[in-house]
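In the two assemblies presented below, chain A is common to both, partnered first by chain B and then by chain C.
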Partner chain A sequence: MERIRILKKFEPKRENLLLLLHALQKNNRQNYLMEEDLKSAAQYLSLPPSLVHGAATFYSMYSLKPRGQYIVRICQSPPCHQMGSSDLIEEASRALGVEVGETTPDGLFTLETSECLGICGVAPAMTVNEEVHGNLTPERVRAIFSEKRRAK
Partner chain B sequence: MLPGAIMHVAGSYHAAGGNREGLIVVVGLGSCGIAAGGQKVRSALIEAIERRALPIQLRETGCVGMCYREVLVDVFDPQGKRFTYGNVTPERVERLATDHFESGRPVREWLVRSSEESLADDSFFAKQKRIVLRNCGIIDPESLAEYRARDGYQALEKALRRMQPEEVIQAVRDSGLRGRGGAGFPTGLKWQFARGAKGEKKYLICNGDEGDPGAFMDRSVLEGDPHTVIEGMLIAAYGIGADEGYLYVRAEYPLAVRRLRKAIADATMAGFLGEHIMGSMLTARGSEFSFQLHVKEGAGAFVCGEETALMASIEGQRGMPRLRPPFPATSGLWGKPTNINNVETYANIPWILLHGPQAFADLGTEKSKGSKVFALAGKIARGGLVEVPMGITIGEVIYEIGGGIKDGRAFKAVQMGGPSGGCIPASLADTMIDYESVTQTGAIMGSGGMVVLDETACMVEIARFFLDFTQKESCGKCTFCRIGTKRMLEILTRITQGQGQEGDIELLYDLADKVKTSSLCGLGQTAPNPVLTTLRYFREEYEAHIREKRCPAHYCRKLLVYRIDSDLCTGCTACARACPTQAISGVVKQPHLIDQARCIQCGSCVAKCRFDAVKTQ
Partner chain C sequence: MALVKIKIDGKELEAEEGKTILKVAQANGIEIPTLCDHAALLPFGGCRLCVVQAGPGALKPACATPIASNMEVVTDSSEIREARMMVLQLLFGERNHYCMVCESTGQCELQDLGYKLGLDHFEFFPYEKRFSEDVTHPYILVDQNRCILCRRCVRACADVGGHWVLGVKNRGYESLIDIDMDAPFNDSSCTSCGLCVQVCPTGALVDKRASYLGRKDQADLILSRCDRCPVGCGLEVYRRSNYILKIYGDWNCPTNGGVTCRLSRYAPLYDERPRLSTPKLKEAGVWTPASAEKTARWMAGKLINAEVVVEGSLSNEDLAALKSLFGERVFSLQDVAPPLPATAKLQDLADADTYLVIGVDLNREYGTVGSLIKRRTIPGTAKLILVDDGFNSLAASTDFVFSMEDLDSALAEARKGRKVVIVYSHLRETVAEALRAESQFLRLFLPYESNTLGLAQAGIGPHIAADSERTVFFVGENLRDLKSRVRGATLVALTPFETDEVKAADLIVPIPAVFESEGSFISMDGELLRKERILEPGEGVRSVSAWVALVEAQRLQSVVAKGKQGGSQ
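Up next is the complex of A and B:
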């Protein structure tokens, strides 16, 4: 099945654990790692399940909870904060009708905050999945969400 | 950047394209260019060029450093004249196409740099010395040919053809290069340890985990000139005798990962990576050199930038630091001797080999040689990426290169070295940038983040912010790093909320001392630095918060008094409706009033008032 096909792309070596978890998460329509994912990764790499679980919870990019199709991450590190990222977070929360860490009921967006995204030259910044956006204003944030909704 | 160098590129563009007639148009597509809308500008350019059927070559490049002007578009004409447009939007493309591309009349009011006239933004480059960034924003990072046209892989060839591994190490030692990842350890010496370590199998690692808030040097280099980093690693591998390496890049940098993968594939095809490197081009000795390079993506953990944690992460474990010694040079990845350096450190190597160690050592101060890349962020007029010779002052970087503070405000302090560093006050702006001088201020050189703060920044809040960061990122292994930072954070939070008490400052010092001395890795050992430096230079701000319940920068919401200016208030009632505690009273069209006893300082009224009538003190 699907999961096996993904696993098979990697050599069954422990050093591939993080890559493998990334791949499994990306494949999941709700952007998270299911119990089954962790189990099969452990099996494939012949590792104790507790170890795989430990890694999955240690790194912030993995989620063990279902998330939206688009993960919105607004940077809240000092340079972006100084340029007004808290207003963006408030606006995003209003526009999506969810708090930070939550997913919209239609399963489209999850709102998260992040530390520096490395594009402080165009602060305040955010990412939507792998897309980067900078020089943001509350209006731009709304517009980006609308674009995504239309593209659905 | 020398105009000559740019001319040369333009020349090679024209030569490579076989088209000597038309213009070459280059869009800046580093991550900040893309974030500012670079892809949309690119699409608009394609459309405008195709519609007119113009003989124009459209190319891409990485970060030139003027992130404050993104989206940037360069236009080269066949004579090598260069015109750089800043703040380009899809809407502006049409006029660029009609006036400049079609009719040959540059749109002067949108130009930010040009080979034909001097413009205000030239001062951004005047004091820079670009070694690491020599190709960034000039070449197409996805083109091996363009890297080759700028002496790419010639340093490697020189090493393999004409130098013994020991000579390579000696050259790096002579250059005086120190690690750019933060600690500043002499690079040549580190290589020598790795070379001298017992063992057949040795590894080489490049640390691209760049996690300091406000730092984006390594991202720009990896995205803008990936081959330089690969070439630097190859030379290091040859020097220490490693045949396998890892490039560890944080997960937040997908574009860097993609470009690196492409660069590795291209370099392998061309015989610069893999088995018998440059075999057919070289004599027998060189062709014995083999090197396999893998890219590893992180998964979001700041502590993985610490070298032992990083190696654990590569091995597929949780990224927890371990005690050193043993140092990686003797026992690193999978217990084998390992050399680990930062992205920028490696990016210096090809230049050093080609220009000679002396040319590098001629730059800088007695103990800090060469140049350093800095990311300017925060309240600086020109936020972006710069590379300066060591020994320049902080003031020169901020005022002359960075153009001073945004919106004409006053410069208050600069936070250097991220969460491990500290705040250097404006009064110390003439501090020289070298490892020792910066350390004396209580901050550290760090990896190169400079977060510039203006008069509106509350220093207690800044310290709180950084501590919040380290506290969240602590891996939790050491009690004091885990609990001590949390306690410190609680105290700072209290102070900013007007709940500070006498004795808090002493308590902070005491905890800082404990956290510093009983943490295992650099994260804990340096976590108190932002607090300590702000206490050292801005103690009176702490005291004002604690004793007078006053925030001198008017930042901390809870310490503000909200009043409605009756001259400005139109009685629109917006504030009263927004107030969660019904603290605002007044009739429609009459000035409103805030009941101080009820006000909880939430700031909603300020945000809601369209007439700027709610004032804070």
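Up next is the complex of A and C:
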């Protein structure tokens, strides 16, 4: 029912596919697209399932696997890399106890990497859900994670 | 289109503006290597093997670059050769191409290009990562290890077949051919039309049955027509000694343009019913093989008070032979007349904006009609309205699904269209009546059997019933429907298969199976089409016409004999 309410917010035109998938994913408590989401989107927009599944797997902002409450995306494009983002990724992985692409057992964090976030001026950078953090050090990364844990 | 002057490799040419460099080059006998390009599909520009120098700047893909006035094209230089070689290296490096054990070796476009462009080593090391295979489909094997992501299969499935089963999932080098939503092939919405296998340039999509039985170029190619349904698709049949290697759709056939369905491409090749190889007579409840002569004599003895019931797959020639023997007593097993006269032809499907399909699952029967409709309705170019009560797989491809009871709503929806085609086969009388009133709609009648129109033209009508005094000759495969109508009558079945069903007869007589006889039939468009004989039937098997000739000879002999007896008395 909830799904239908979300679908109805959009005109049933194929160009709304990506926005619609974002809305469905956001509505999901585990930040991912369920098979039912894709099927209902395909049906609502009169698109072949293979095409919707193709789009959902093409873009890295969509996930077809359950994810944490916070999606951590550390930039690994050249400017951030130059400023030490691979150390940040290592540190984040240690602090959370998961590899890139995995979710912490408590369902709080998912660690991902990202291409350029467009804020090279404050490299190295990362996002936590829609929040942007720049000028990061391994210590700052740990501190941000602790903050989020406390805020839970 | 205006003609423009261009130069390819120094050769001055004139060609239509807007044509691609590749098309112009091909038309003038200039060879450019290609891989993702396919004549039946739209340009894609994915593989970059056809790069050429056309004007200043980077190399351009010939398949996707339109010509322009005074364009100078170079198709071969060291830079171009290097670029093509790099593409090949990357393609070979990305997946696992073990040519020596691949089904497609010797008929693989990737392998051919490797030889042609002189690939003698791998620059990037393949064979490090294993990709998945899908073996679940009854006819098709998918091996992602051999896929080059040219998307020919995806484009053929969507743009030609109208099925949109295949897609691409993930991105970049992680891309894989996708089936619905990552479904096992056998559980997907695939209709087994086989187009994907026909266009695959490598061994990524393989016809399971044809595997390792031989290559296309070792086979005889016979162009024929499919007589499994009244559409009459053009087929390319590949024959090797006395077996069929594979069946492809004929791209050049105006009827189907390469599209076919499971019924023409796979079903007959997978038919495992036991063949009847010699006539058998039931004598005192026991089946005894009989000679051709004895069989013919037996049949000739039963001609008085006899009638013949035929299936609609019989050729015009066989029908004519039967009529010569039985006169007006030739009947059809199924209905012959359409519930409503047809007013449309297949080509009317090409530009209609609304299709009203009534009670036919076009993914399962008349598959080519389904393709012609779905490839316009799924992208939203036209509207599909479905009216059916039972399960119909077409319902998955449209929002407009109505029950027979709700026909009025379906008609109201259809009236919004400008060019509406009703597609139907059997119709209930009430439904036919309601449709008759909609005279502005075109009507595409799907005849019940392959040669229903041929039967109608020969003046053959449906069979009603026979009493025990009669002898009923049956010609066809499906005796079940007839049996209940002819209780007590003597039954002779001329049939290709020796199934339990035909053993209800008193005499069974072998005739050729689908690929063993030639003949003509009348398609749903009213065209006289010819089916070729592909295989030689077994020794005891005779065509319907041949049996008729034998029976006729026996009959004459007995008449002469009787005459002589009469004379001597």
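In this text, the second predicted complex is superposed on the first by the 152 of 152 C-alpha atoms of A that agree within 3 Å, B and C clash if a C-alpha of one lies under 4 Å from a C-alpha of the other, contacts with A are read in each partner's own complex, and residues count from 1 in each chain.
FYI, contacts are C-beta pairs under 8 Å (C-beta built on N, C-alpha and C of every residue); 3 or more make two chains touch, one makes a residue touch a chain.
Model, not experiment: these values are computed from the prediction.
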Partner chain in contact with A:Glu35 - chain B first, chain C second, else both or neither: second
Practice problem: Classify the contacts of A:Gly54 with the two partner chains as first (chain B alone), second (chain C alone), both, or neither. | Solution: both
Contact-wise, after the overlay, does A:Ala143 reach chain B, chain C, both or neither (first, second, both, neither)? neither
**Message:** So in the superposed three-chain picture, is A:Ser46 touching just chain B, just chain C, both, or none of them (first/second/both/neither)?
**Reply:** second
Please indicate which partner A:Ser77 is in contact with in the superposed arrangement: first for chain B, second for chain C, both, or neither.
first
Shared chain A footprint, chain B vs chain C, residue numbers 14, 51, 54, 58-60
Contacts from chain B onto chain A in the complex sit at residues 31-32, 34-36, 63, 67-68, 70, 210-216, 219, 250-254, 296-302, 313-319, 375-379, 383-385, 415, 451, 453, 457, 462, 465-466, 469, 473, 475
In the complex, chain A touches chain B at residues 13-19, 21-22, 45, 51, 54-55, 58-62, 77-79, 81-83, 114-123, 125, 127, 130, 132-135
As the complex stands, chain A meets chain C at residues 14, 35, 38-39, 46, 48-54, 57-60
Per the touch rule, the chain C residues reaching chain A in their complex are 158, 164-171, 178-182, 189, 378, 380, 398-399
